[in-house]
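Consider the two complexes below, in which subunit A is the common component and subunit B and subunit C are the respective partners.
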Partner chain A sequence: MPSHDVMPDIELYQPVQVEDALALATRLADRGWLLGGGQDTYGWLKDRTKVPEAMIDLNGIESLRGIRETADGVEIGALTTLTELVNNPLIKERYSLLASAAERVASPQIRNVGTVAGNVAQDVRCWYYRRGLSCYRAGGNLCYADTPEGMNREHAIFGASRCVAVTPSDTAPALVALEASMVIRSESGERVVAAEDFFIGPNVDIQNTTVLRPGEILTSVRLPTTWANATFYFEKVADRNAWDFALVSIAAVMRESGGVIQDARFVAGAVQCTPRRLLDVESAVRGQPRTEATAQSLGTLASQGAQPLNHNGFKLHLVDSLAKRALLG
Partner chain B sequence: MTFMYIGKNFTPPDVQGKITGQARYAEDFRKEGMVFARLLTSPVPSGMVRNIDASEALRMDGVVGILTADDLPAAPRPGVPALTNELTYVGQPILALVAISEQIAENALERIKLDIERRPFVVDPLVSLAAGGPDAYPEGNVMARTADGMALKSLKWAPQSVEAFRNGRDPGDVEFTTEWSYGDLDAAFAECSVIVEEPFVTAGYPHHSLEPRTCMSYWENGRCYFHGSLQSQSAANAPLARMLGIELKDLCFINETTGGGFGSKIGPYPFMAISGYLSRNLNRPVQVRITREEEFFIGSARSGMQGWIKAGLKPDGKVAAVDVIIVNDGGSSGSGSGSSSAGAISVVYQPTAMRFRGVSVFTNTTPRGAQRGPGQNEMHAVLAPIMDKAANQLGIDRLAFRRLNAPDNNAKVEANQGPVTSAYMREAIDMGSLLFDWPAKISQPRRNGSKVIGVGVGMAYHGAGNNGFDGIVRIGPDGKIYLHTGVGNLGTYSYAGTVRAAAEVLQCRWENCEIVRGNSDLGLPHSSGQGGSNTIFTHTRSNYVAAMDAVGKLKEIAAAELGGTVDDYSIGEERVFKTATPTEGLTYAEAAQRAITLGGRYSGAEYPDDINELTALAVQRIAGSGLIGVAKDNLEKNGTAPGLAIGFAEIELDLDTGKYDIRDYLGVAECGTVVHPKGLSHGMNGGGTWGMGMAGFERHVYDPQNGLPANIGLYQSKPPTILDVPVVMRNAAVNIADPQTPIGARGIGEPAMGCAAAAVMSAIADALGGHLFNRTPVTPDMIIDHVAQNTYNNKSLKINTF
Partner chain C sequence: MNPRLTRRRFIKGVIYSSAAAVSGAGFYLTNAQSRPAAAVERLISINVNGRTRRVDVLPQETLAHTLRYKLELTGTKLGCNRGECGACTVLIDDVTNYACSTLTHSVKQRAVTTVEGLQSPDGQLHPVQQAFLDELSPQCGFCTPGQVIATVALLKSNPKPTREQARQALSGNLCRCGAYDHYLNGVMRASGQLS
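Presenting the complex of A and B:
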């Protein structure tokens, strides 16, 4: 077992137009690998756990960068760095939930190069899978984490389907809460997918965490005005306060009127393979004031239906607590 | 005593290079014709390599060689072989492949085919101790004394004993490999009004030195030039020369800067043989760059503990009796620190009677070795809340309890109950209580919504000083003072702090001094290894005696030239002069020139008989270049020089999330005279940060199903970040001179960490109403599980949890 850390031999393409990148992505298909900020890429490739033949470096495509105001909100270029997201006036003013989430990603150094597209499209962080073991997600026929002795403290309490890995993205729950849509292009055109549908669990596709398919590129993320300047709450609980993935996170958006919540979306991260809408919580808080009594009434709604593994029962209490804290702000 | 330099801040000369990137580490050195070796490591936790087929790899363009275990002298087993066919942990190096580039070497590794016979493996010591449990080696799981010396044997406990131990009870009549005791334990317990009995688990975890242990070496004219990454400089030469099978004079060891070692790089590690042998075999410079991942595997780790303790307090609060059992996770090297752990209890709480029983069990996990306060620091951490519980049961304030039992000048140390050189722990406690405002902190309101305040205190100890090493100072004919030091540049700046003792004695301008270090060909004296917090004590002494030798020679030269006796002369302003008529004298430059002319002991042509061979070689190198002061430290030392520290922590713990903020932290050092205030402050804060990591974050995690480590990378091992520790960490020092060393200074490196870990652990328990986790680290999930009253799945002393 070599402890690799040198890049393997790989063809490198550096297109400067999206069209050229799409052509390459189509031609190379499964043999190709899209490179953004590289914060997920380099681990896989240097470890040689994934061995694509070619890399399509998207960083020369200027049109994939930047944050633009649109008629119906804001459009964020796929290569926009997380630091740019955090500091952008439009995002800070209208969608501070996303800025808060982006600010909790990893570390300043990683945020300076990591992109919004990379953050949402990154692969799961299950250490067994990352280690290169032949698990279900890697094309094998077993899950090492979902066993009585598996080291599964950070794994899923919902939505297990052979694989029990969780979504590692901090921005994903915020994007789902904000009803973002993901703009996906391919040589055959463009499709726009709701963030909530962009992420897919192992019951849908055991080897992919998003709907992106070979030949497709996530080119931007759109934030509608629906939740602009709403009441927001984001909290990420991780072992460390920097350079760590969430044990559980929560992103919530609420519209209040007349002292009660008119509408709300509560989304938890790191509890299942995709950002999890806490639909029961949302139903319970609609029409209710943001008070301690309402919070207490949530009880264990957030964790209802959870099926903890041997080492992650704490996530039930944590997601319940975070739902209450999100309500109270 | 009034000092010119001791106790004053200064900027060590290598600091700028570290900030600007100019500092050179082993990996930065290049040599014409250099080739690159990469390691192929074990994919299995236990097994035997039956065959290596490297034929395809060796046929690749650019591949120039291979080194396997068969090419190296047989390594003692069990141990830490540089390369091996007997595999005892995942990540263990099997072979090194050499190519003209790293790229080629890595590609070639993938062409090598290994035929491995798998063997049973074990990652938890208690699983191995249980009857029928696997042993990490075919011959056994522990080292035990036999008629033929120490040897591997299979040690098993009865199922009911293992079960009792797992459930926090004395395992009863079982076999240990190490035992010691003093005093009448039963009689001492009989005097106690409070007895606490608790199990504990402390996690092992990797050193993760920021600079992986890369080596580069080459040979010229039969001499080996070796660039390495060690904590120590001169302490490396003799063992490295032995490793390479050459004489001391034929080794030039170069180590200007080291990016952390923390105990894992005190002396040469076996893997240094790889570049040494390869470069000799190939007759080309060879670099073995160690990757981040390899550093996890071969860079050593702290041993974990599974233990049980029974401690008794007399009605007056004095600790009368301690009975402790420790099972160490020795990893594949079998190294455990249980005796040191118990010894630390004997120092910090001064029980009148004590017993230790322990066994270090081999597991198929990474090799274990010394890591900052090995044994002591994790013991202090896990013990602090237990002792808090005892004090609380007795109704005595936790700090008052510690003060009552604190070591002083009459303190006794460890198993043999030997003396200390001095100890002023009560003074440290009083200083800390005042600065931290302990009375106010413990009486403040504790609860605010989901947040609760916890206040903690913890003490720590480590032996902190040796003696008997050599010093060299050289006064050049240019008038400069060359302070030769064999102390390594491990990041503590002790190499610079200790030579200040020589400058102090010589009463010379600091800006006229040059520190000579980092390359044994420069003439560096025999020195202690930079481990065990010893350097400040040990080498202020060796520098002192060398400088005193130089002063004596200055006076002799002056007396010979200007008349009178040496007693008629003084030094000052870089002159030696007649005390009565100061205008009559010689400058240091003039005296150095006279020394060269005089030769003999003045120029280094002759030197004392009792200095080490390395020092003699060093003096031979610099002989004739000035006035040479050289001496062995034969100063008196009676007892253990203790490094002591006390930490205070105030945390705000969130019951919803299991997270806590450390709102205030104060560490107080009791390390004799402070040599370098800024350095001490950095040491206390750095150690404090690491202690917070021990309390809350860092641990080994091995999957028992496949023997794989879960957290190899830095981000997975989770040393604390800047956002996990207080913005401002406070520290102070008692600053009372130790009477058994001329400068008065003792070391403090290791207790700086242990006291912080203990204080934070104490604060967590305090915040939770005295709840004991009996485990380090305490992570958010554990706190949440406690708050939510979930069944806590770590209760059975499992050493690997996640």
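Presenting the complex of A and C:
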């Protein structure tokens, strides 16, 4: 039968134990491709822009699924779908920030299969890179987005280093705000990395957006009780309500007592390659009440130091406005 | 017009005759020999619309491809083939999925329902299909199978959705004709909220 399918020839492994998956990931190294929900994967394969030799389908590994309560918070299995995250009672009750973020990802069908690990480990959405051009991130020596004619409306206003792509993940800012930690396993053991250190910019590594290396699998995400039931705010601004990636998003957590903010974390998405902590905003709101006056005092603090490209100057005003809205709730 | 030669049957006939001409045993044999032992089996059983179907599936094959080109279930449409339009929406264990972005090998233990599996054995349309007809929901009809499946899934979990909930549930299905409001009318009729 002739093939009408545009999927390339590729091997498929379906391990049911995480140990077997780790052995495969080690053996195949960068010739292998870890498959979760696959919603970032199939585009790369169908377009022939990435050509791994084999997919390691992790969906048969039951131990990577589900949300469990632990002594110091909640542990979310890497293969937990975004829909499960949205509907889970523990998450809704204590960490509704993460549920709000997951609910804004793509479309219902994609959330039904898209996993929390896949959402944080997905590659950037710069179309020049996705198109298969030999840009810095693809191993080449130029950036097509940061040129006089480059279409860079969706690109970075901070932290550009050769590459100007931004983090596409909606859950990543929420996880950084909640001080989540990422559990990474390899055949040689396990390491736990703070969400804030999990994401890396092009100045650290131009070809990877996370610290995950070949042979490693992100097995779970842990949420500490630190910010459980805090005051939360999540907002994603995008051109369309479904499918679209954020132009700018914000995830904020705040602890209040005696009418003032004791502590807070404000994290913006889609303004640089990694979720961006708005440290100046955080220190400005500490000890202040959540009032219009405090919001006004933030001024342009969130966008301080931004270096916009030709078409994304609007993001400065957007991130400033979102910081104020997050404060007021 | 000869009732036995519909447009659909004619097109299917063309697909099969060309398939027979191109495929040959040699192709499968050489391919099978080059695969390592630990890889997935090619001949698998999948449960589609309540029937177990034996089918030869390539490792990288998508469910949309298997359904349309190997199981003759052409009701599932391929629009973008990138998970960006929703025309290929099917139910897998009662949950909506894009068949173009699902590996057939990942549904071996699960129940797939396509638009062909909705009507009752006596040929009566599913209430959602009938409601869509009554409300003239489809315009060109290409996205309709996906819209029907998304609605069936919604009504299983939420039999009386609000219009806003229906809008959310159908937000993963594009309609190039822009007949969204007509589909929402159909959802409201199917859930008994329009008289």
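The rule is short, and it goes like this: the second predicted complex is superposed on the first by the 324 of 329 C-alpha atoms of A that agree within 3 Å, B and C clash if a C-alpha of one lies under 4 Å from a C-alpha of the other, contacts with A are read in each partner's own complex, and residues count from 1 in each chain.
Criterion: a residue touches a chain if its C-beta (ideal position, glycine included) is under 8 Å from a C-beta of that chain, and two chains touch if they have at least 3 such contacts.
Note that this is a predicted model, so its numbers are computed, not measured.
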Touched partner set for A:244, first subunit B, second subunit C, both or neither: first
First (subunit B), second (subunit C), both or neither touched by A:299: neither
Subunit B versus subunit C as contact partner of A:214, first or second or both or neither: neither
Contacts of A:6 with subunit B and subunit C, given as first, second, both or neither: both
First, second, both or neither for A:131, with subunit B first and subunit C second: first
Partner chain(s) touched by A:325 [first = subunit B, second = subunit C, both, neither]: first
First, second, both or neither for A:149, with subunit B first and subunit C second: first
Partner with the higher number of touched subunit A residues, subunit C or subunit B: B
Touching partner for A:108 - first (subunit B), second (subunit C), both, neither: second
Contacts of A:317 with subunit B and subunit C, given as first, second, both or neither: first
Contacts on subunit A seen with subunit B and repeated with subunit C across the two complexes: 1-9, 107, 241-243
Interface residues, subunit B side, partner subunit A - complex: 38-43, 90-91, 102-103, 106-107, 109-110, 291-294, 297, 450, 656-659, 696-697, 701, 703-706, 708, 710-711, 715-716, 718, 720-724, 779-782, 784-785, 787-788, 790-791, 793, 800-802
Contact footprint of subunit B on subunit A as seen in their complex: 1-9, 48, 107, 127-128, 131, 133, 144, 147, 149-154, 235, 237, 239-244, 247, 310-314, 316-318, 321-322, 324-325
Of subunit C, residues touching subunit A in the complex: 18-19, 22-23, 35-36, 38-40, 58-62, 65, 68-70, 81-84, 86, 89, 95-98, 100-103, 105-106, 150, 168-169, 171-172
Subunit C-facing residues of subunit A, complex: 1-14, 35, 38-39, 42-43, 45-46, 55, 57, 59, 83, 106-110, 112-113, 241-243
